[in-house]
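Should a chain be cited, it is by its letter among A, B, C, D and E, assigned in written order, with residues numbered from 1 in that chain.
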């Protein structure tokens, strides 16, 4: 595990994975978008607007998934003081916030034709909104503490406290009987959705995953370089006069 | 933060940390007090019973750049809370009297700290060393803003403590007039380098 | 606040305020800068054209117990804002260079002030005297936290200013090593009495 | 020896609680101001929403709870920061009680001095907002059960932002989302009382939230505080 | 000579405005956080009041205005305090611009950096609160006209409490009552738009309030600030 603690090792690993991940991402997006918008039937109830689902549902899954990644990274950073884990948390947060925003926006756009309003204060919707706020808080905390290391660890504590929200999102539809429909794919007794709609849904989910991996690796490399630069600058600042 | 820093203090030492601005004196004191954890290496502490152990915060008193006084409370209330906090018992009047005498604070004892001048505040903060009995005193720039009389009082307070077997570590730019070891922080590897190796 | 305080400074003077803690040095400096108004008596100021006038704030620079630096901005940004604030023009690079050299701050110029040690911060604050051209410098404990090299730099900065006809008033407990008048605040009536008379 | 040690820890604990309660109520302390904020902010709503009694009654439980929550958060923002700025946090952490005990004492003091008085003052605001007669007991009960969670969760935010300038508002951002469950169950209880159904299930959930907040909050605050002092 | 003097004053003024806007938006500055507070606090109300769309729509203008007001007050509390604590207020007051000009520059910077963005963000919150479609233009207009008053009145409170620890909440108490006229006319305008009547008279009164706040606020802040520095 401490093999990856070395930034150089990590960079090499990332460079090896990236081309494959980018290829997979392009293919999956092409296939996913094609099946979602051209090669799948309109819903007998919702008509063409069902196609929003292929964007919306996987985005919502990603929003929760990325939060868990961030929480695991935070836990690793706090307990084992793993320097790369801090950066991993920092690299994931904007992605998570982006997918959460995407789920919120597509949900709102979908809500207008389906429910007649952009927004209702339904349990599922509000807990996703809270998730969005948690991402924002995490990023704000990173921004506002002066010392990088400290900032990251403080944000990690917040991320762990916020994990409480994930089960609330997942089960809110079951606890409160509300407008939002319950899970039909990710459930214990197997998916209850028709195969023609399941395929594009899964393809889009895979495409989002690939996108996540690509951007995550890019951002990690960026963070590592930024960090290196900061350390070098600090070293220069503290170099004894005339030492070099 | 520091490289190649290897030293030990023992009972009765007065250690004077000197060094240029930014050489790490304040950081080092906070490190000794256990606020900052070393990236490598360790800090060990040998008790009278000859067992090595981790640092126990009970053995320290630290006075830093801030003075730790509540401006709205009088000096007496501040001192009383400090003693309760550190020992769990109220300050006995003899201890309080003794502590106020050292820096001649008696006239100010029942004044709210917010009306003190900067030097008076600093003296009030230094009173802690006479209020509570701890072995290791960590002082960051203890002479700041003190007039000549009070510097002398500080010096004799420190001498008394080391004579009783206490340890005093003081970071200062002004000679305190107390004989002791001088640790020049400029001599150690500056900050940032230990980190650098891992990242570059 | 003070009773029987009657004095005058003139161009080229270096005035060293001394006195016990709480004798009113800081208060006196803020009074000179026009922040505090006298209860009785007045403060007059004679310009080169031989006219008496009220104090004009344009002629002062004050450095107090706080340093007036924004922690999130770099030293260069802080200095640049200070010059713009005081003159309305951006800091010329030659002036900035000269000012950083005096307290050897060149290496820190592009670092955010929040990472400075206490002495580095204080030096950054003292740079103001070299950044802007004002006749009267008011300094409250300018030596605090400075190491030996920088104290010497401060002394020569002051000497240079008085030689050019400037006035420097400094409250300090450490001898600065600059020849000048010493004004001992202990010699004046202590605080509170002026008020008392009016009420008794 | 061990018993003596024990007693002394208890008295260190009470010394911290008493000091903090005293500071909160003294000149410039936060409690009176939190109460004032509670009072004024709630009384702004009739200006904003209009004086129609049935509208006010409809939104009364929600407004009272939301503003109580803001008052709590505004007063807790300096739970550690004031001590951090004047250096006494160093002393508190070097005290023999340890950081966890110290945090517990300070949170308890905040609840006693600030959020508990909010609960006691709430009925008066209920009158301003036309709260129906039957709901007062539940309003007080819900606030009594829920306000410790406000102090506990707030302390996490206060500890996380202790070393940050302008921590206060950042803390709001971190903490308000975490207050949502407390708010939902608290208002739920009062609403149930207003509509003459049983508020007990809501109160039970509220109590559970407070318990979780106690465990998670105290540990997270301690960790965050140690971090901030590095 | 006099003209040269003039130009230099203008550039001192802009230097202060630019610095303050920059600080407000930089790491740890207040603007982003005020916006975050605005967003989060408004979204707490549906939790408190319940999700019924028509109730939300009914109280939307009031809630948005009240919370905008709190966001303004929370961000303005350190208008002078931050500079006071780090000593740069001394410099600002010794600058050739004079205290009145300096105060004007700082208030302008606060409006540009914080309260103006609140006005711009308000429509998004209107959606959350189910504000009727026809009212958005008036909501923005009322906030654009009314928010300068929030900065101006707030600056008086900030100046009065500058030397006080925990000024923030004390300031709330001083300032919130003074905000009432702005609040009433601002909400009045939006309510008029909701009920399809003419909002212009309300907006005119709101503008008058802002003008009065400009005159009284700047002088009062200057006087209060000079007093605090003694």
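We take it that a contact is a pair of C-beta atoms (placed from the backbone, for glycine too) under 8 Å apart; a residue touches a chain by one contact, two chains touch by 3 or more.
As the structure is a prediction and not an experimental result, all values here were calculated from the model.
Asks: What is the shortest path, in steps, from subunit B to subunit D when you may only step between chains that touch?
Replies: 1
Asks: Where is the C-beta contact count highest, in terms of which two chains?
Replies: After counting contacts between each pair of chains, the winner is D-E.
Asks: Using only Cα atoms to place each chain's centre, name the chain farthest from subunit A.
Replies: The chain lying farthest from subunit A is C.
Asks: Taking mean CA positions as centres, which chain lies farthest from subunit E?
Replies: Ranked by distance of C-alpha centres from subunit E, the top chain is B.
Asks: Quick one: report the Å distance separating subunit A from subunit B, using the average Cα coordinate of each chain.
Replies: Chain centres of subunit A and subunit B, defined by C-alpha means, are spaced 48 Å apart.
Asks: How many Å are there between the centre of subunit D and the centre of subunit E, using C-alpha atoms for each centre?
Replies: Distance between chain centres: 27 Å.
Asks: Give, as an integer number of Å, the spacing between the C-alpha centres of subunit E and subunit C.
Replies: Here the centre of subunit E sits 36 Å away from the centre of subunit C.
Asks: What are the residues of subunit C that contact at least two other chains?
Replies: 65, 71
Asks: Where in subunit D do residues touch at least two different other chains?
Replies: Residues 28-29, 164-166, 170, 173, 176-177, 180, 230.
Asks: Hunt down the residues of subunit A that sit against at least two other chains at once, touch-wise.
Replies: 126, 133, 136, 140, 144, 146, 237
Asks: So in the complex, which bits of subunit A are touching subunit D?
Replies: 78, 126, 130, 133-134, 136-137, 140-141, 144-147, 150, 153-154, 157-158, 160-162, 164-165, 168
Asks: Give every residue of subunit D touching subunit A within the complex, in rising order.
Replies: 156, 160-161, 163-164, 166, 170, 173-174, 176-178, 180-181, 212, 216, 220, 223-224, 227-228, 230
Asks: Quick one: which bits of subunit B touch subunit C in the complex? Just the residue numbers, please.
Replies: 19-26, 65, 116-120, 122-123, 141, 144-150, 173-174
Asks: Tell me, which parts of subunit E touch subunit D in their complex?
Replies: Subunit E reaches subunit D through residues 28-30, 33-34, 36-37, 40-41, 44-45, 47-50, 55, 58-59, 61-63, 65-66, 69-70, 74-75, 78, 82, 164-166, 168-170, 172-173, 176-177, 179-180, 183-184, 187, 191.
Asks: What part of subunit B is in contact with subunit D in the complex they form?
Replies: Residues 33, 35-37, 57-58, 60-62, 64-73, 81-82, 84-89, 125, 128.
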